[in-house]
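A quick write-up on the structure given underneath.
Every chain is named by a letter (A, B, C, D and E) in the order it is written, and numbering of its residues begins at 1.
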Amino acid sequence: MIVPRREFLKMLGVATGTLGLGGCDRDWLVPDRLVELAQRGPGLESQVPTICGLCESGCGLTVRLVDGLPVGLKGNPHHPLNRGGLCPVGQAGLEVLYAPNRLRAPQRRGAGGELEPVSWEDALAEVGGLLGKMRSEGQGSRVALLTDEPGRLFHDLAARFAQAVGSPNISSTKSQGLLPFTLTQGIAQVPGFDLDKADLVMSFGLELFEDGPAPLHAISAMVGSRQTEERAAHIYAGTRLSAGSSRAEVYVPIEPGTHGALALGVAHVLVREGNYDRDFVAEHTFGFEDWIDDQGRERLGFRRLLLERYYPDRIARICGCDAATVVRVARRLGEAAAPLAVVGGEGSQGSNATWTGVAVHSLNALLGVFDRPGGVSLPPPIPLTPLADPETSSLEQAESIFAPGGSVGAFGVDAVEKLAERVIDGTYPIDLLIVVSSNPVYSSPAGQRLSQAMEQIQSVVVLTPFLDETSAHADLVLPTHVFLESWQGTTTPAAVAFSTLGLGKPVIEPLFDTRHPGDVLLELGRAAGGPAGAALPWVSYPDYLKERMEGLVISGEGSVVTGSFEESWVHFLEERGWRFLEHRSLENFWAALERESGWWNPVPARGDWARLFRTPSGRFEFFSQTLERHLRDVGGMTADVEMSEEEALERGIAAMGSQVDGDEVLLPHFEPPIASGAGELQLLPFRPITARGHLAAVSPMVAEMFGYPFLDGWQTWAEIGTDTAHDLDLADGDLVAVESDRGSIEAVVRVHPAAVPRTVHVPVGLGHVQPGGVADGIGSNPIEIVEPIRDNLSGVLSTTSSRVSLRLLRRRPHGGPAPMDGGH
Amino acid sequence: MESQSEPRWILGLQIASVSMIWVFVLSISAWILHLLRLSRRLHDVPSASVGISIVAIPVFLLGAAVLTYVFVGLRRGREAPDESTLEPEEK
Amino acid sequence: MSSGPVRVALLGVLLLIVTGVAFSLLDRPIEQPIAFNHRLHVEDLGSDCTDCHLYAMTGVRATIPNVEVCADCHAEAQTDSEEEALLVAYIASGEPIPWRKLYWVPDHVYFSHRRHTAIGGIECETCHGPMGEASEPVPRPFVKVTMNGCMECHEQTGTSNDCLLCHK
Amino acid sequence: MTSVNDKGVSAGGLEFEDQDLLRSIEDSGVGFRVVSTLLCLVILTAWVIFGRQILRGLGVTGLNQPVAWGFYIVNFVFFIGISHAGTLISAILRLSQAEWRRPITRMAEVITVVVLAIGAFHPVLDLGRPDRALNIFTAGRLQSPLLWDVSSISAYFMASTVYLYIPMIPDIALLRDRGVRPRWLYQFLAWGWQGTPRQQAVLERAVGILMVLVIPIAISVHTVISYIFAMTLQPGWHSTIFGPYFVVGAIFSGIAALMMVMIVLRRIFHLERYLKQVHFDYLSRLLLIMSLLWFYFTFSEYLTAFFGNEPSEMRVFYYKVTGPYAPFFWSMVVANFLIPAILLSFRRTRTIPGIFIASTSVVIGMWLERLNIVVPSLANPRLALPTGYYIPSLVEWVMFAGGIATFMLGFVIFARFFPLISVWEIQEGRKLSIAETTERLEGYLPDPVPSAATPPMTEGG
Amino acid sequence: MTRWGMVIDLDRCTGCGSCMAACHQENNLAAVGPEESSRDRAFHWLRVLPEVSGSGAEVKVRYVPQPCVQCDDPPCVRVCPVHATYLGEEGIVAQIYSRCIGCRYCMAACPYNAKVFNWYEPEWPGDLKQGTNPDVSLRPKGVVEKCTFCHHRVVKAREEARAAGREIRDGDVTPACAESCPARAIEFGDLEDPTSRVSELTRSPRAFRLHADLGTRPKVYYLAERD
């Protein structure tokens, strides 16, 4: 029994004096914390803005420093993304900074498999040497880089680094879900959704306020920045009612993976009732009406397809909802002044995710919301200084390991899976894998394959502030700063309608012997020497950032964020053009950025249809000519013989494995989701707001409020509906094993009255097994038992396609019902 | 006035113990009054305190009074010393 | 049969002694690493409290000056005082002087110097006593910091005595 | 042997009639030492555990956020309830001049004093900061029902100690006169008792005042304890019936505990001559009445809650009646009502073993009642919070055992130094009460205008 | 006299949990860990309560952020034996940790279960204590603690106002929960001042209070959802 010193003295108080502790100081009367505080200084406060680096959103933060030490975080009210709000994970920033389990120095895996400390110099020299050697031997393609460090600025640097060492292999582990936009709009980015001005957002599977690229932005745009009683309404279609979606005006519970069908049903009603934007459809879309192609064949139009195939009764059957609901939702959307349809979450994680995305995005086209306030547009480009091409001409340009291709004709790949498979089957040798700020072994369905592959790779370098599942397979673990200790440059998260650039500056000296990943890459480039070093001329990461930002000064676009976010002010500027040269020099601009931590440009270029629709037709394509061409190419490649375009297309469709035929394949349509496994329930892993970023598990507070909507913490739960619980004879609080064909995890049953029958939702975020955080060994990770099924069009692995069964392990240990389980 | 078999200090102890009960009772009364004052000073609710002090203080005083009455009564009610020699000493 | 009460009495006496010794141990005088002379600095050299206790008017804590502050004048020895030599050695080594705190409030009390000095206009002496007249380190605080002391002053000055004002 | 006066006590002698009553004092034997050592060990363990609780924090108990009160408060109410055995019953019996009280009152009063001290300590066990317990005195608020308890329990403790002590003076004097050691103790406590008429008169008057004083105090004690709960807004607690309900429950459990103690001590100290079937018979009738009364109160309390159908009340109601506390609730009903009602109603089962079983059952049942009152209301918050639970930890069980052991030790020590049955009252009864009772009974009867036969002697009072 | 109050607009609240986390960070609530957490001993001064109404297809779930509702007639204050909890001059129900004896009577009496108890000495592993807010004390074991409407911010705001030679005014004080709320669902201010934002909102027809039937007169108002 350890007795705290102060307590001991307090308890024994008087007696201690006589018991031989006469030598002790009077100072024990002063509590430790007071001594600490007194040593800090006079208690003077300052507020320093910076950028949150805990997830991909990059919200603006204000750090409260007392005598130079950070003691509090709040959202930066000037920052256009979060406008003063801060999510629970962001609040935990200080716990991440001061976490007891942080890596304190570089570690190398010794002969015995144990990690041993090593100096930065040795570590960098070792990797740098290896890089230099590989490059000079023309083996640069044997290097691969996986990075999830948020922001385009870092990604550009990493890409430059890869280029410099002669590797084409760089990727993020996260799938962006771009393909629906590529197919319909011909763009390789997620367009911006103007949540600020939308008055009704219909979400297909995306927990707008919890998940997605920037949930805090969604909250502040749809609710926070608006007046009382004026918030944007939203409609949620999905299988689970999260806390955020419980505010939805309508909740449409549907069968898993049928979001696309619902969208098409809604489209049907809109079209049938003539409640769509006829002008937009006529002027800016392609394939709505039946049409005759070059070869004189009559092709199916979207209108006919909708009217013939996607009538509400059929949709109701597919989705397991009410036909009347479909009609009601459609009418509500049709009536809204500025409606929007968005997809994400479970809607973009199925095996049919691309088609769901296309179907939902088609709604936006029918509603004609493109290029208007509250609609879909492209965020203005950020005029960063372009990076001059490095001298890489001497290098042979190998094909990337992440290149799509192979047996199926997918547009893209799942980076983690592809890397793992090709390393394991030996078709693409990798000798050096660098993983930056990413934990794919934990977060990817192909994580276990990746860990096998990592065992085969000669050298795996992981840059991370904490030990995690991925660094467990590393040969070298390089500790990085956490965000409060380092410079950061972030750029607009996906789907935001305006452009932002965040500049986070360090608010505290690094606590340990850590470095910024950008600095590490620069040093590695230097250590590799030769042209690699020359291609990375910056002394340090902030140097690089500064150079990139010169472009902003030159362009004069946008503005450093100052003053609180004022709707009318933005409107004023929008009318007059957002262009005033407030900063004439880079130094000046940089200083302002440092002071305010962000730049933004809220004014999209209106009327630039060519930029918005980069399809062959220059319009929004219901009928995707891009896909037609792609499938034709794929079909043509399947055999050496010459064949007609039609034949090639058929072969391509066959290779893709669509479940419909004819022109319907190329139009927005519903592909039934594929599910594998013998269980009676469909497993739908989801990301609660408490699981944002991959550092949440190191914060005791976040772990403790992990399941806060159920007043629960430190537990992974399996959320099922009341009926499902009744059918399975399970009650709230029971411990169950969630069993799929791939394995089994433990979870605590939480009964939610609004969950769709025969589904089980398990949050990701806990279930870490490496001693990097406080929640290690606590809870479980549903991704572990997911049967990876590929979306054949995007190549991305689905996480929602597994069937599982629940096996009771232990009844709720005590007490009566929980509040959601129908307490009296 | 006292029994020969009883040493003088016993009487002292007895008087002390009877005084103790007065100390106890008076301090309880003082305490209750202190709380009354405190509740006034802290803008608390003095009514409860008034009620309790009205009931509690007399009860304590009565208890102590009874005890004292017995003590005094018993001492007064003793027979003459010569008679007390009849008490058996041999035991 | 008299051993009983005698034993009790002896025990009582022993307890008293033990308590007394214990209390005297608790109240040991505070010794400072350097015999700082307040009088010399304040009365003879005419310094103001805030010259060294830099934040007495602006900060939560007045702060006890350490080598950085002392170095302003004492980077080199100005006298041949032994104590100053000690100070100069501290300054030279850059090591902080391990001053012992004389006045402190517990962790659950929110006390701001600024609130009392700059805003409330209270003289330092009110709470700290005649520190400026002490020619050698005082072993015990002149004024014992107690809640009753705070409350009395608040009462006299008509300041609120709401617990929440100071307790955090 | 000279008796000092006619009404007085025989000052002891070789052929002392009530030698049985003094055997445990004059000849304590090894039994006393063994038992008290064992009890001391249990108590010491409890203190060590308590020390650990102080050092580590109340987390060592099974308490938690909604269920912030558990065993300690349950036992507090329970022990204080038991304490009603004594002074109150004894005062009522004395007041009603029930002649059969004579061998019972002393034991009853001892129970009160010992158990009250134990009970009163329980809130201290329950404090998160026992080191600040004195704050109650320096900064107490008489508005808080806890302070009502402090005053009323201390008044009751004072009154019952005095009430135990004053009628004990003649017996102490007897022991003093018999030269029992430690002699100074008896000399000190005898307060110079000689049994003179004046002293007798003083004593009787004092006892007379005390027994009137002690009844309202005793009733106030348990009423006030019920107010701890009833003064809050919590469902299942906020009830006007709680005051009388607790008093009834307290007397109920008190009588049961008294009979348990009587049966055990009768066995140990061979008091069969004094504690006869008739005493148990009368007491068990009283117990039966209290059992019915308790049932009536319980019924009334729960029916009111049920019929009102207020959601938060119903949550607590169902928690007890069909929910997790159903086993405890129904055991309580069985133990407090069914078992005593059946065993005590029939002459065939109203035997000493039968009564012992019934009393034990009531004591356990009343403890369960306290548990049923304290925990379910806390476990079912008004807001949409999960239902709480409470599983007492080993620490709390040890402390419970410590409490019971202290009670036993208190009894053992008392029995070692003082007679458990009031010797002088027995002797007084022998000498005076038959005549007095006869006279009293005659007083009850219609005046004998025509010729009347002497009434048969059945009951006293 | 100022009377601090809060209005929480349930129509705006998206249940994101920010308020809860902000409260933890601002008020130095230590995490108790999985073991203690499963024993219902976690510290949450503010929590997001799930409320279920209706059943079957009509079921509705709403999430209600619930701090201490700061009653004007607080049941906890009535029962406190030692003046450790009392109604402050500005309507904040205070908990004075240094006086509390840990009897938990206030917890038992609070109909809102707003109070939590330090079952053990709170733990701050590693350097976590460095990040604690110096304006809020670290509570020792054995005392009850609760939401204070971030009264330390009131104290500091008043100090700032006085230093600037004025009185405190609407908008000067924002508790951590309101500050972090991305939906701006929480308003805080002076109920006594009829022009303040909170008093304006309390006059909304949507305004209600938790268990107003108990007569505790909470100063936390809720605005019901609009749909």
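General observations
What we mean here is this: contacts are C-beta pairs under 8 Å (C-beta built on N, C-alpha and C of every residue); 3 or more make two chains touch, one makes a residue touch a chain.
Just so you know, these numbers come straight off a predicted model, no measurement behind them.
Note on connectivity: the fewest chain-to-chain touch steps from subunit D to subunit E number 1. Shared contact partners of subunit A and subunit E comprise C, D. Seen from the C-alpha centroid of subunit E, the farthest chain centroid is that of B.
Two chain pairs, A-C and A-D, are weighed by contacting C-beta pairs, with A-C ahead.
A comparison of C-alpha centroids places E closest to the centre of the full protein.
In this assembly, A is the chain whose CA centroid lies farthest from the centroid of subunit D.
Chain centres here are Cα averages; for subunit B and subunit E they lie 50 Å apart. Here the spacing of subunit C and subunit D, counted between their Cα centres, is 56 Å. Per-chain CA centroids place subunit A at a distance of 79 Å from subunit B. Here the spacing of subunit B and subunit D, counted between their Cα centres, is 25 Å.
Counting partner chains per residue, subunit A shows two or more touched chains at residues 7, 33, 37, 43, 711, 819. In subunit C, 2, 5, 60, 106-107, 112 are the positions where the chain touches two or more neighbouring chains simultaneously. Touching of two or more other chains is recorded for residues 42, 49-52, 83, 86, 121, 134, 138, 141 of subunit E. By the touch criterion stated above, subunit B contacts subunit D in their complex at residues 2-3, 5-7, 10, 13-14, 17, 21, 24-25, 28, 31-32, 35-36, 38-39, 44-45, 48-49, 52-53, 56, 59-60, 62-64, 66-67, 69-71, 73-79, 84, 86-88, 91. Residue ranges of subunit E in contact with subunit A, taken from their complex: 9, 11-18, 20-22, 24-26, 29-34, 37-38, 42, 44, 47-52, 55, 59-63, 121, 125-134, 138, 141, 176, 179-185, 201, 225-227. Interface residues of subunit E facing subunit B in the complex, by the touch rule stated above, are 83, 86. Subunit E contributes residues 86, 88-90, 92, 94, 96-98, 134-138, 148, 151-152, 155, 159, 162-163 to its touches with subunit C in the complex. By the touch criterion stated above, subunit D contacts subunit B in their complex at residues 2, 11-12, 137, 139-143, 147-148, 151-152, 154-155, 158-159, 162, 166, 169, 177-179, 184, 187-188, 191-194, 196-199, 201-203, 205-206, 209-210, 213, 217.
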